[in-house]
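Presented below are the structures under discussion, each in the form of C-alpha cells.
Next, two complexes with subunit A in common: one pairs it with subunit B, the other with subunit C.
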Partner chain A sequence: MSARKIAKSKFFFEEDMVESIGEVSDSRREAWDNDAELKVVGKPVPRTDGYDKVSGSAVYTVDKTLPNMAYARTLRSPHPHAKISRIETGKARALPGVLGIISSEDGPDVPWYHGLSRLFDRQVRYAGDEVACVAAETEQIANEALALIDVTYETLPSVVDAGKALKPGAPQLYETGNVMRGKPFQYERGDIEKGFADADVIIAETFTTQVAVHNPLEVHCSLVNWDGDQLLVYDSTQAIYRVRDAIADSLGIPESHIRVIKKYMGGGFGSKLTLGKYTVMAALLAKEIGRPVKIVLDRHEMNLAVGNRPDSVQKLKIGVKKDGVLTALSHESYGAAGAYTSDAGCSWPLRSMYQCDNVKVEEYTVYINAGPGRPMRAPGHVQGTFALDSAMDEAAGKIDMDPLEFRLKNYAEIDQTTDQPYTSKYLREAYMKGAEAIGWKERWRKPGTSAGNLKKGLGMASQIWWGGGAPPAYATLKLNRDGSLRVISGTQDIGTGTYTILAQVASEVLDIPIGKISVILGDTGTCPYAPASGGSMTAPSVTPAVRDAAEQMKAKLISGASAILEVDETALVYSNGVVSLANDPKTSIGIDKILRKMRERVLVTTGARNRNPEGYSINSFGAQFAEVEVDVGTGMVTVLKVVAAHDIGRTLNRQTMENQFHGGIIQGLSFALMEQRLMDSYTGKVLTTNLHDYKLPTVMDAPEIEVIIVSEGDPMISDVGAKGIGEPAIIPTAAAIANAIYNAIGVRIRSLPMTPDKIIRALNA
Partner chain B sequence: MNRFEYINPKNLKEASRLLDENRGDAILYSGGTDALDLLKNEVVKADKLINLKAVRGLNRIEYRPGYGLSIGACALVADIAEHPAVAEKYTILAEAAEVVASPQLRNMGTVGGNICQRPRCWYFRGDFHCLRKGGELCYAVDGENRLHCIIGGGPCYIVHPSDIAVALTALDARLTVYAHGKSRDIPIGEFFVLPEEDELHENILKPGEIITRIYVPDISPGTRSGYSKFRERAVWDFAVVSVGTVQHGDGRVSAAFGGVAPVPWTDYELNEGLSDKETRAHAIQNAFRDAEPMEKNGYKVSLVRTLLERQLNRLNG
Partner chain C sequence: MAKKSNKGVSRRKFIQGIGTGVIGSAVLPAALSSREQEDGSGTPRHQGQQLVSLNVNGHPVRKLIPPEMTLAEFIRETLSLTGTKIACNSGQCGACTVILDGRAVYSCHMLALDAHGKSVQTIEGMLDGEELHPVQEAFVEKDGYQCGFCTPGQVLTAQSLLNRNPNPTAEQVKAGMSGNLCRCSAYPKIVDSVLAAADKILK
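The block that comes next holds the complex of A and B.
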C-alpha cells in the first residue's frame, strides 16, 4: 500500500490563502518523464461524455425528475431595502394546487451569510432578497401563488452604488457601516514614498470595471427528496461536499443523512460554489409536504440573486524610471460586495505580477443594496489585470518603450509576496512565443498610427494565478475481472472535461483503454472527498490522486500475481492488463485470472493527492496578445485574433485544454466589450435580467484563437505535474483587448465594458 | 405567465370580433416570438390568445411588375429575406429581414408581428410600472438611457424595435388593416404614433383591427436600396441605430431610421437634402440637428450620421 500521512498544506483558493491539514500520499513517486511521450495523457482524447451531451441524452440537474415531485418558486423582495412587518399567505394557501409555504413567519429560523442574515430575513437588503417560498403541484401554480402572498414592507433608504455608499450620510445596510469588516484591506512592502521619489515618470489613472453576472447556461436548480430521515439532493453545484455540510448545518441533521449528487452541469463559473438558499427552501418544503420538491431559478432570478463579479474603481499609480524599471506601484480601490459578505478586492496582480520593491495597496469592499457577489472565474484578477496591464501600457508609452520589452524589463523572478521561488515559471517563454505568433515585432506600431476608418491595433497583457492544486483529494479505483475500471472521486465535472482527464490518467498507468473506464463523480454518497471545483483546483488536485490509486492497483495486481505464480514481486512486471515475469514474458497471468484466484470480484484502491512542496509558490502564468479592428465611425470593436501563450504545467488533454482557453477568452472578450449588470439607481432594481439586455457574445463575436503551451510537467507540484487552467484563460484577455484598442485609436478607454458609445465619446472628446 | 385560452378563429371576421369583444383581455398571436415573451414576463396580461395563423391565406408573398409587392401579414420574416423578388427589387427589405434576431426567430416571427412588436425598453419590459404600462413616470429620463430615443421622445422615450418597419417606411409601404368585415389601406407613415399622441400604444390599431397585408409600390428602374443595422454584438440583437435608404431611379432619396425615435423615423426635409447631390454632404452633416439626446445616448447622433453617409456611399459606390 502507498505511504500516507496527515500533513499541513497551504494553497490559494479563489484569492484566499487556505491552510489545510489532510491526508496526503507520501509515495514520493517519480513524476512522468517530460521527455517521454505518454500514451494517453496529453493527447486530444475526445470527451467521454461528448456523445451524451451532443445527443441530448445527458441528464443535467435541471432535467432531473422524480415521481410525484412538486415545484417550488421563490417570492423575492421588490424593494432594495425594507423591513417586513407582515406576510399574509392565506390567499395563496387557498389556491388549489398549493402544497406549502415557508417564510420568516412560517418555518425554521436558519442563519445565512455567515450569520449576517437569515434564510428569510425580516430585513431585506436588495431587490431580489428571498421573502417566501411556495411548493405547488406545478411551477405555474407556484408562480400564481407568489402573486397572492401579501407582504407589508416598510421601505428603507437604499444605495446601489459603492461610491455613494462610502459617502457620509449614505443609507446604512448594517449598524457597523457599509465598509465590510469596518476597514480596508491594506498591504505594503518596501517604501512607497521613496519608490515614487525615485521615479522619472509617474502615471496616475483611475480604471473602472462593471458588475458582471455569471449567467451559466444551466440555471441554478435543485431537486430534493426525503426518504425517512435521509435527504437526497440533486444540485447543480461545483461543490457537492460543501453543499452537503452546509445543508447539515442549516437543517441541523447529520452529514451522513445527506447525499448530494451532481452529474452533468451547464456551467457555474464560481456562482455554484456555495449552498444556495433555494436548496434549503426546497428541503424544508419537501419535508413539510412529504414529496420530492424541485426548484429551478429563472433567468431573471439568475441575474439578481446568485452572485456576480463585484465592480471596481481602481486608482493606480505607477512610478517608473526612464530605463523602464518600476520603482513603485500603488493601488487604491473600492468595489461593491452587494448586500452580504463578498470580496471586491482586486490588487493581487499588482502585488505579484511584476518586479517592484515598493508596493502599497488599500482596498475597500462596500455593502450596497444589490445582490451579493460571489467568486467569478478568477475573482479579482480579471478586474485587477485590466487596470494593472492598462496602466503598464500607459507607463511604457510615457517612456517610449515597447510594451512587451517593458514587461520583460520588470520580470519577477520570485514571488515577491512571500519571497519564495516558484516551482516553475515559463512566462518569458510565453511572452516570446506569443509575440512571435501574433507578429508583434513586425506588426506592432505606434498607437493611433493606423490609417482609415477601420483601425487595427495590437495589445498584450500578462497573467498570474494559482491553481497548483492541493490535498486532500482522493480517488477510488475499482477494477473488475473483465479488465474494466471504474474511477470514483468526489470532485465534479462542471463542464470542463474532468470525466475525460481522470479516465486518461488511469488509462495511462494501467493500459486500460478509455472505452473500458467509467468515471463516477459528484456523489457524496459514494465518492471519496475531493475539493470544490473552483480556483482552477480540480485537475491539479485530483489527477495525482487517480495516478496514486492506479499505481496502487498496478502494485496490487503484481502482488496478486506473485502469490498465485509463487514468484517474488520484484521479478514481475505489469503491462496491458497482464502481469508477467520480467525475464520470461511467457509466464504471465491476466487480470481475469488474478481476480478469480483471489476470489475478489472487484479490486479496490484509493489514492490521495501528495502534499505541496514547502518553501515554494505554485503559480500559473501566461501572456495574451490581441489584435483588434476599431471602426472609428461607429465605435465598434472587432477582436480579430487572440494568441494565448501559457505556462500550465503538463497538458492533460490537448482538446479539452483548448476548449477551456476558448471559453475563457470568449468570456474575457465579453467582459471587455459587452457584459454589464445595470441597475436603476432610483428604484434599486436590476435592469439587465434577460440575455438580451445582459449581453453575452455569440459565436459570430468570437475571434480566431491560437493557444500555445510553453510548459511541460512541473514535477515539484505532483507526479502528474499539471496546473489548473480554468481561470488563467480569462485573466489577461480584457487588458490585452483594451491595450489593442488604444494601439488602434490612440485613445485610452479606462472603463469596462468598452462599448461603442464609450469609444465614440472618447474619440470625440 | 397567466393562464390563457388559445383560440383558433375560423376566419378574419371571427378573429377581429374576438379581439374586439375581449378588449384588453385578448391579444393576437402569430409567430409568438414577442407575444409569449410579453406574457411570460408579465408585461401584458391576456386571457385569450387569438391565433392568426389559423386564418388561411395570410402568408403569401407576391410580386407583380408594374404593381408592386404584396406581403401577407403572416409571412415569415425568413421568407421575406429569402424571397427572390424581394432580394432583387427591394434590397432594403431583404437586408432588413436578414438581420432580424436569429435564424430560429426569423423562422417563427411574422412580418405583421414584427411591425407590431412592443418596445424593448428595459423599464417597459422589466418590473417597472412605467408610463407605457399606464404608470406615471418614464424611468429612462433620469435612468439608464443609453439605448433610448434621441428624437420624437416625450413623455416616453422608447425606440421602435422593428427593422422591417424601417425598411417599409423608406419604401413608402401601405398597410391593409381589417376590422369587422372591412379593410382599409393606410400609409405606413400614418400607422405609428409618437408618445406625445399616445403613450400606451405604438400604433393606431384599435381593438379588433388586424394588419392583413403590406403593400409596397413597384420600384422604378435604377432604384438602389439598402439597410444598415448597427448593433452591439454581431448577431441576435436589436438595432442601436439603423438606417434604410431607397435611392429611386430619378435620384430621389428616401431614408428611414431605427433606434433613434419611438417610431420608424423619417424626415422629409432631410430626404430632400439627400436627394440633391449638391446638398447631400451638408444634409448628412446636419441630419438629426434637432435631436435632443439624453444623458447617455448622445453618441447616437454621430452614429446615425456615419451610418447614413456610409449607406449612401454604398448605394453609389
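The block that comes next holds the complex of A and C.
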C-alpha cells in the first residue's frame, strides 16, 4: 500500500479559506516530466460519455422515474414580505389525486439557512419563498391543488434594492437589521492614508454590476424513495456528499441511510452546490404517502428560488505614481444577499491581483426581499475584476501609460495577502502571448480615436483565482482479469469532462486503452469521497487521487509478478498490461495470468490526493484581450474576438479545456452585455422569469476565441500538476470587454450589463 | 413535466371563469370537480381524452391523450423517449427540438394533437440500431457540448439545417442554430460540429 498520513491542508473553496485535516497520499512520487510526451493526458480525447449525450440515452435526474411515483409541486409566496397567519388546505386535500400536503402547519419544523429561517417559515421574505408543498398523482393535479390552498398573509413593507435597504427607516428583514452579520467585512494592509498621500494621481469611481441567475438548462429536481429507513435520492447536484449530509441533518437520520446519486447533470454553475428545500420536501412527502416522489422546478421557480450572483455597488479608489506604481487601493462596496445568508463580497481581486502595499476594503452584504444568492461561477471575482480592471484601465489612461505596461509594472511576484510565494505563476507569459495574438502593440490605439460609426477597440484584463484543489479526495480502481478497469470516485461530472480526464489519467499510468476503462461517479452509496464540483476543485483534487490509485495498482501487479516469477520486484518493469524482467523482456507475465495465479478476480486500490505544500499559495492566472466593435448609432456592441492566455498548470484534455474556456468567456460576455435579473421595486417581483426576458447569449453572440495555454504541469501542486479552469475562464472577460468598449468610443461605462441604452446615454452625456 | 400554471389561472380555468363572469377561489373547486371524475381507484381521469395518431421514429403510434398535452410531454411521458428535453417549457430555448415532417420544431410549444397524422423524429430516431448518425458522430468528435442537456435539440436542429442546406458556411450554421440555447456556451464547438457533420455527409 502507498504511504498515507493525516495532514493539514489549506485551500480556498469558492471565496472561503478552508483548512482541512484529512488523509493524504504521502507517496512523494515524481511529477510527470514536462518534457516527456504523455501518451493520453493532455490529448484531445473525445469524451467517454459522448455517445450517451448525442444519442439521447444519457438519463438526467429530470428523466428519472420510479414505479408508482407521485409528483410534488411547491406553493410559493406571492408577496415579497409577509407574515402567514393561516394556511387552509382543506379544499386542496379534497381534490381527487392529491396525496399529501406539508406546510408550516403540517409537517416537521426543519431549520434552514443556517437557522435563520425554517423549511416553511411563518414569515416569508421574498416573492418565491416556500409556503407549502403538495404531492399528487400527477404534476398537473399538484399544480391545481396549489391554487386551492388558501393562505392568509399579513403583508409587510419590503425592499428589493440593497442601497435602499441600507438607508435608515428601510423595511427590516430581521430584527438585527439588514446588514448580514450586523457589520461590514473589513480588510486592511499597510497604511492606506499614506498610500494615497504618496500618489500623484487618484482615481475614484463607482462601478455597479447586476444580479445574474445561473439558469442551467436542466432545472433543479429530485426523485426520492424510502425503502424502510433507507432514503434513495436522485438529485441534479454538483455535490452528492454535501446533499447527503445536509439531508441527514435536516431529517435527523444517519448519513449511512442516505444514498445520493447524480449521473448526468444539465448544468449548474454553482446553483446546484447546496441541498435544495425541494429535496427535503419531497423526502418528507414520500415518507408520508409511502411512495416515491419526484419534484421538478419550472423555469419560473428557477429564476426566483435557487440562487443568483449578488449585485454590487463598488466604490474604488486607486492611488498611482506618475511612473505607474500603485500606492493605494481601496474598495467600499455593498451587494444584496437576497433574503437569506449569502456573501456578496467581491474584493478578492483587488486584494490579490496586483502588487500594492496599502489596501483597504469594506464590504456590506445586505438582506433584501429577493431570492438568496448562491455561488455563481467565480463568485465575487467576476464582479470584482470588472471594477478593478476597469479602474486600472482608467488609472493607466490618467498617467498616459499603455494599459498592458501598467499591469506589468504592478506585477505581484508574491501573494499580496499572505506574502507567500506562488507554487507557479506564468502571468507575465500570459500577458506577452495574449498581447501578441491580439496584435496589441501594433493595433492598440488611444481611446476614442477610431473613426466612423462602427468604432473598434481593444481592451484587456487580468485574472486570479485559486483552484489548486485539496485533500481529501479519493478514487478507487478495480482491475479485472481481462485488463479492463473501473474508476470510481465520489466526484461529479457537471459537464466539464470529469469522466474523461479521470479515464485519461488511469490510462496514462496503466497503459490501458480508454475504451477498456469505465468511470463511475456521483453515488454516495458506492463511491469514495471526493469534494463538491465547485471552486475549480475537481480536476486538481481528483486526478492525483486517480494517479495514486493507478500507481498502487501498477505496484500491486509488479508485486504479484515478483511472487509468481520468484524474482525481486526491483528487477521488474510494467508496460502495456505486462510485467517483465527489465534485463530480459522475454520473461514476462500479463494481467490475466497475474490475477489468476493470485486467485483474484478483481484487484482493488484506493488512491488519495496529496497534501498541499506549506508556505506556498496556489493560484491560477490569466489575461484576456477583447476586440469589440461599437455602433455609435445604435449602441450595439459586437465582440469580435477574445484571446484568452492562461496559466492553468497542466492541460489534461486539450478539447474539453478549450471548451471550458469558450463557455466561460461567452458567459462572461453575456454578463458584460446582456443578462440581468430585473425586479419591480413596487411589487417586489422578479420580472425576468423566463428565457426570453432573461437574456442569454445564442451562438450568434459568440466571438472568435483563441485559447493560449502558457503553463506546464505544476509539480508543487501534485504529481499531475493541474489547476482548475472552470472559473478562471469567466473572470476577466467582462472587464476586458468594458475596456475595449472604452477604447473604441472613448467613454467609460461603469455599469453592467453594458446595454445599448447605457452606451447611447454615455455617448450623449 | 412542469406546467407553468402553478401560481396563476391557467388558460383553461380562465375560459371557464369567463363563462360565469367571475374568476375567484370560490368558483375554482366547483369548476375543477366538474372536470374531474373518480374512476373508483381514487385516481382522477380527465374527461375528453382524444385520439392522436402519428408516426414516431418510423413507427405508427396511436394513443388517447388529454387534449392539453404538449408534444414534448407526449414524447417524454407517454412514449418515455426522454432524449427530448424540456428546459424552458415555453418555446424559448430549443432543448425540446424534434423534427416534424422534416422541419425542426419546438415540441414544448405545440400540442401533441397538432402532430396528428404527421411524422415526428426524435433524437432516438437518429440512430441506426446502435450506430450514431454522422451528425451525432461529429458532435462527439468535435466536442460540441458540455453538460449535454441541450445536445439532442442541437443535433436535430443541425440535421434539419443540413437537410435544407447540405453545405453551409459558418455564418449560415450560426444563423440556423441560433434557436437553440446552450447555457454552457459550447457554441464554438457546436459550430465546428455542424460543419464537420456537413463534411461527413457530403463525403
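Couple of notes before you dig in:
Everything that follows uses one rule, which is that the second predicted complex is superposed on the first by the 765 of 765 C-alpha atoms of A that agree within 3 Å, B and C clash if a C-alpha of one lies under 4 Å from a C-alpha of the other, contacts with A are read in each partner's own complex, and residues count from 1 in each chain.
In this text, a residue touches a chain if its C-beta (ideal position, glycine included) is under 8 Å from a C-beta of that chain, and two chains touch if they have at least 3 such contacts.
Quick caveat: nothing in here was measured; it's all calculated off a predicted structure.
Contact with both subunit B and subunit C is seen for A:Pro78 once the two complexes are overlaid on the shared chain.
Once chain A of one complex is fitted onto chain A of the other, the partner contacts of A:Thr656 are limited to subunit C, with no touch recorded for subunit B.
In the superposed model, A:Asn764 lies in contact with subunit B only, and not with subunit C. In the superposed model, C is the one of subunit B and subunit C that contacts more residues of subunit A. Of the two partner chains, subunit B is the only one touched by A:Met674; subunit C is not.
With both structures placed on the common chain, the touch criterion links A:Val628 to neither subunit B nor subunit C.
Of the two partner chains, subunit B and subunit C are each touched by A:Gln140.
When the shared chain is aligned, subunit B comes close enough to touch A:Tyr682, but subunit C does not. When the two complexes are overlaid on their common chain A, residue A:Gly495 makes contact with subunit C while staying clear of subunit B. Contacts of A:Thr698 after superposition: both subunit B and subunit C are touched. In the superposition on chain A, the residues of subunit A touched by subunit B in one structure and by subunit C in the other are 78, 140, 143-144, 300, 690, 692, 697-698, 700. Considering their complex, residues 44, 46-47, 49-60, 62-63, 65, 73-76, 78, 91, 94-97, 137, 139-141, 143-144, 146-148, 150, 215-219, 264-267, 269, 296-300, 494-497, 655-656, 658-660, 662-667, 670, 690-692, 696-700, 702, 705 of subunit A touch subunit C.
Only residues 1-3, 41, 120, 122-123, 125-128, 139, 142-144, 146, 230, 232-238, 240, 296-299, 302-303, 306-307, 310 of subunit B touch subunit A when the two sit together in their complex. Residues of subunit C touching subunit A in their complex: 1-7, 9, 13, 25, 28-29, 32-33, 36, 38, 42-44, 76, 80-90, 92-93, 95, 122-124, 126-127, 132, 136-137, 139-141, 143, 145-152, 155, 174-175, 177-191.
Within the complex, the subunit A residues that touch subunit B are 78, 140, 143-144, 300, 633-636, 674, 678, 680-683, 685, 687-690, 692-693, 695, 697-698, 700-701, 755-757, 760-761, 764.
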